[in-house]
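You will see two complexes here that share subunit A, one where it goes with subunit B and one where it goes with subunit C.
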Partner chain A sequence: MTKDNKYISELIYQLADDNFIHSYRGSEWLGLAPHIEEDVAFSSINQDTMGHASMYFELLETLGEGSVDELSHNRKPKDFRNAIILEEANGSGTYLDQPEYDWAFTVIRHLFFGVLKEIRLESLNQSSYEPLIHTSRKIQTEQYYHLMHWKTWFTQLMLSTQEARDKMEQAISRVWRDFGGVISLGKYGKEISDLKLIASEDELRSEWLRRIHQIFDQVGFSIEGNPGMEQGNGRNGEHTEDLTSALNILSEVYHSDIDAVTW
Partner chain B sequence: MNNISDLELEIFRTLENVTDPEMPYINVVELGMVEEVEIDDNQVFIKLLPTFSGCPALDMIKGDVLRKIKEEIKRWNASLDIEVKFSFNPPWTTKRISEEGRRKLKMNGIASPDSEHKHGHSWEIDCPYCDSTHVTMENIFGPTACRSILYCNECKNPFEAMKPVANLYEKVDL
Partner chain C sequence: MVTVRFSELTEEEKYNHFMERIENDEKIEADDWMPDEYRNALIKLISSHGISEIMGALPEKEWVPKAPTINRKLSIMAKVQDEMGHGQLLLRVNEDLIKPLGRNRENVMNDLFTKKLKFHNVFHMPSPTWADAAIIAWLVDGAAILTQTMMLKTSYGPYGRALKRICQEESFHAKHGESLTLALASGTSNQKQMLQESLNRWWESLLMFFGPKSKKDIGSSSVDINIKYKLRTKTNEQLRQEFLTKYVPKIKLLGLTIPDETLRFDEEKEEWIYREPDWKKFKQVVSGNGPKSEERIALRRDSYKNNEWVRNALAAYHQKNRVFAG
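Up next is the complex of A and B:
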């Protein structure tokens, strides 16, 4: 593997794993979303998002990183490159047992991620690695609706009752504390942007801040400073128990019968 | 002896028998999923464009294409290799659905939005039952990845529409 390929893979792991775990957390809401129309919409968004993860895994497969199945189901938590805030559980309990999930947290996490994802895709349109150009263009056609969806939820809840507003503002502070981990390109960030695979971390951050503040302005909210990375940097393999338990559930079927997977 | 263009015609005819399992009345050619058919001395290569990347029907469609084409070209040249590949380049858009495809969708209560749709512009979607433009978008995300749910204020029918998908970069040359 050439040195360039190493950095290309590093970036694609970040893109793949973010979408993979984000889609999984979203899918845990199935049957629990605030209303039936949302259940339909959210499932569709999660299905698309898993499709995006799968497109990135396919790119990794062509780079010789292993098969899509192995990459998605047979890696250790420390090999994952997703940001920590995306792996965090939706709330206490599990989707099977007393799920006390937090909708405000979900809306904010999806909105923040959606805005960054859009910026990353626009940047990937100019990537020096051509397969990323095609992949990002395809994803953009679908992502457009996702972001619109979360902006609608955000605006409606922020301008709803005081209770809703309070929950939303709490969720903003919570996600803000760790969202820096999503913007991060990890320890090879400089090499990744020097190769013009994607814009630099600084550029991604300032564009994200610009768009988020624009959205905040519309509902009379403001926040100071840059988003933090309090729980560590997932890009460098640092993760929480939440990732381990999520991966165990995600890979349960895969590990129960390897032969059946290749059926 | 049959020539290549006859074989190509035969392949397209066969592809017209492959449908989306979630919309069995429309075939993959009408949906605009077939981007390329290439034939040389040893191989038939078929490039398909997925409608939505997370569409669970993709593997079924690919398997169906492979099986039906294999069956068909056995009569021509059994030694030909067949490769079926999904590609994201160019991205599929609703513009690729053929006139005949649009007619079939409409007969099944599914509207096809303006094929010239541009991002950011509002959609012009007509009710497939009464052609009224007085419709309301109920849920962009419908029963499958590629469909939305709407309501006609004129004839009071709920209906579906193909989710308008446009390529932001259609005019950019690579």
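Up next is the complex of A and C:
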């Protein structure tokens, strides 16, 4: 593998794993969303997001990193490059047993991620690695509707009851503390942006802040400073127990019969 | 010429006029006059169909994140989403019917939580392995396709239109289920065994799915009323026979054994002979005392309660905006 290829795949792992884990956390809500209409809409978003992960895994496959299913179902937690805030559980309980999931946290995490994903896609549109240009264009149209969905939720909940406002503000500060990990490009960030694969971390951050503050302005909310990375940097393989248990569920059947050729 | 306004007709005349429309295969719409018996039969049928779609998402939901490949993850996600969508569509049709009675979605959900509103027997059953995701999509959906197709010509227009869309999507579910089943049936001995065990688990529930032959089996049945009003055209037994004709050969072709030694096609009577399911058990299961009833109802009840603040917030937001707009 050439050095350049190493940085290319490093970036694509980040993109693939972010979408893969994010979609998983979303899919755990299936049947538990605030109302049935949302269950249907959210589920469609999760499918799209899983599809995006799959497209990135395909790029890794062509780079010789392994097959799509090996990459998604047969890697150790430390090999995952997703941001920590995306692996965090939706709440207490599991998706099958007494889930006490937090809708405010989910809306904020999706909104924050959605805004950054949009910025990343715009930047990938001009990537020096051509396959990323094609993939980002395919993803962009769907992403537009996802972001609109979460913006609507955000506005409505922020401008409704005091109870909802409090929960939402709590969720904002919680996600803020770790969202820096999503913006991060990891330890090879400089090489990745020097190769013009994607904009630099600083550029991504300032554009993200600009758009988020714009959204906050509309509901009379503000926050100071930069988002943090309190629990560590997932881009460098640092993760929590939440990722381990998520991966166990995601690959339970895959690992249940090692002789199986097809599923 | 003397014209009499419809509102001036006697109840009996209205009823006769309504039945004439039914006889002429006219479609009844939500705002049309309809006898209480018809409205109640529709509410019973459509609300339990709708809630069955929603509760039906739960046994499969278990396998959504666990699906063994990315493509399987994508297809089972799409499938379960469709089922929720069917639930949504049907609950909306039902909402128009219950509105004149002063009832709404919240009442329907509460009826589910208090077990007043019943859902299909199959969705009270456990789905402990990946093979259950295959058998559900292939055979439970296969059974549902037969009943839903039979009702496509139903006399109630909004229900018929909803069913038309549902049936289109169901054909994709059948393909998805067939593909999952085929992969396991042609897989390792473990995979085959898992599939056989799942079929054993589901067989009786599948036969039960269509309901008892006659009302003496469980004490009551709405089949007669539904046929009288042309909500449905076939009996439970006719559907079960169709199911056996369609699926027994396919199941055998996969090398699976159907867990009923008495099962055979009687050439003379031209019908399938099978071991009668335990209808007492059926009645128990659909009244909410099946192996997974409590757990699944609790999952929905608790999440409904857990998200109450969200629904309150949305109501408050829309209330405010109405005021501002006005």
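Basically, the second predicted complex is superposed on the first by the 258 of 263 C-alpha atoms of A that agree within 3 Å, B and C clash if a C-alpha of one lies under 4 Å from a C-alpha of the other, contacts with A are read in each partner's own complex, and residues count from 1 in each chain.
To be clear about the criterion, a residue touches a chain if its C-beta (ideal position, glycine included) is under 8 Å from a C-beta of that chain, and two chains touch if they have at least 3 such contacts.
Because the structure is predicted, anything quoted here is derived from the model rather than measured.
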* Asked: Touch check for A:E37: first (subunit B), second (subunit C), both, or neither?
  -> both
* Can A:H149 be said to touch subunit B (first), subunit C (second), both, or neither? -> first
* Mind working out whether A:Q47 is in touch with subunit B, subunit C, both or neither, as first, second, both or neither? => both
* Have a look at where A:I119 lands relative to subunit B and subunit C in the superposition and call it first, second, both or neither. => neither
* Classify the contacts of A:A89 with the two partner chains as first (subunit B alone), second (subunit C alone), both, or neither. => neither
* Kindly classify A:M55 by the partners it touches after superposition: subunit B alone (first), subunit C alone (second), both, or neither? => first
* Between subunit B and subunit C, point out the one touching more subunit A residues. => C
* To do: Would you sort A:H73 into first (subunit B), second (subunit C), both or neither based on which partner it touches?
  => second
* To do: Classify the contacts of A:K138 with the two partner chains as first (subunit B alone), second (subunit C alone), both, or neither.
  => first
* First (subunit B), second (subunit C), both or neither touched by A:I183 -> neither
* Overlap of the subunit B and subunit C footprints on subunit A, residue-wise? -> 37, 40, 43-44, 47, 50-51, 54
* Asked: Can you list the subunit B residues touching subunit A in their complex?
  -> 52-56, 87-93, 119, 138-143, 145, 149, 163, 165-169, 174
* subunit B contact footprint on subunit A (complex, rising order) -> 37, 40-45, 47-52, 54-55, 125, 133-135, 137-142, 144-145, 148-149
* **Residue numbers on subunit A that touch subunit C, as the complex places them** => 24, 27-28, 30-37, 39-40, 43-44, 46-47, 50-51, 53-54, 57, 68-69, 72-73, 95-96, 98-101, 103, 156-157, 159-161, 163-164, 167, 249-250, 252-254, 256-257, 259-263
* Structure fact -> Residue set of subunit C touching subunit A in the complex reads 54, 57-58, 61-74, 77-78, 80-81, 84-85, 87-88, 91, 130, 183-184, 186-188, 190-191, 299-300, 302-303, 306-307, 309-314, 316-317, 320
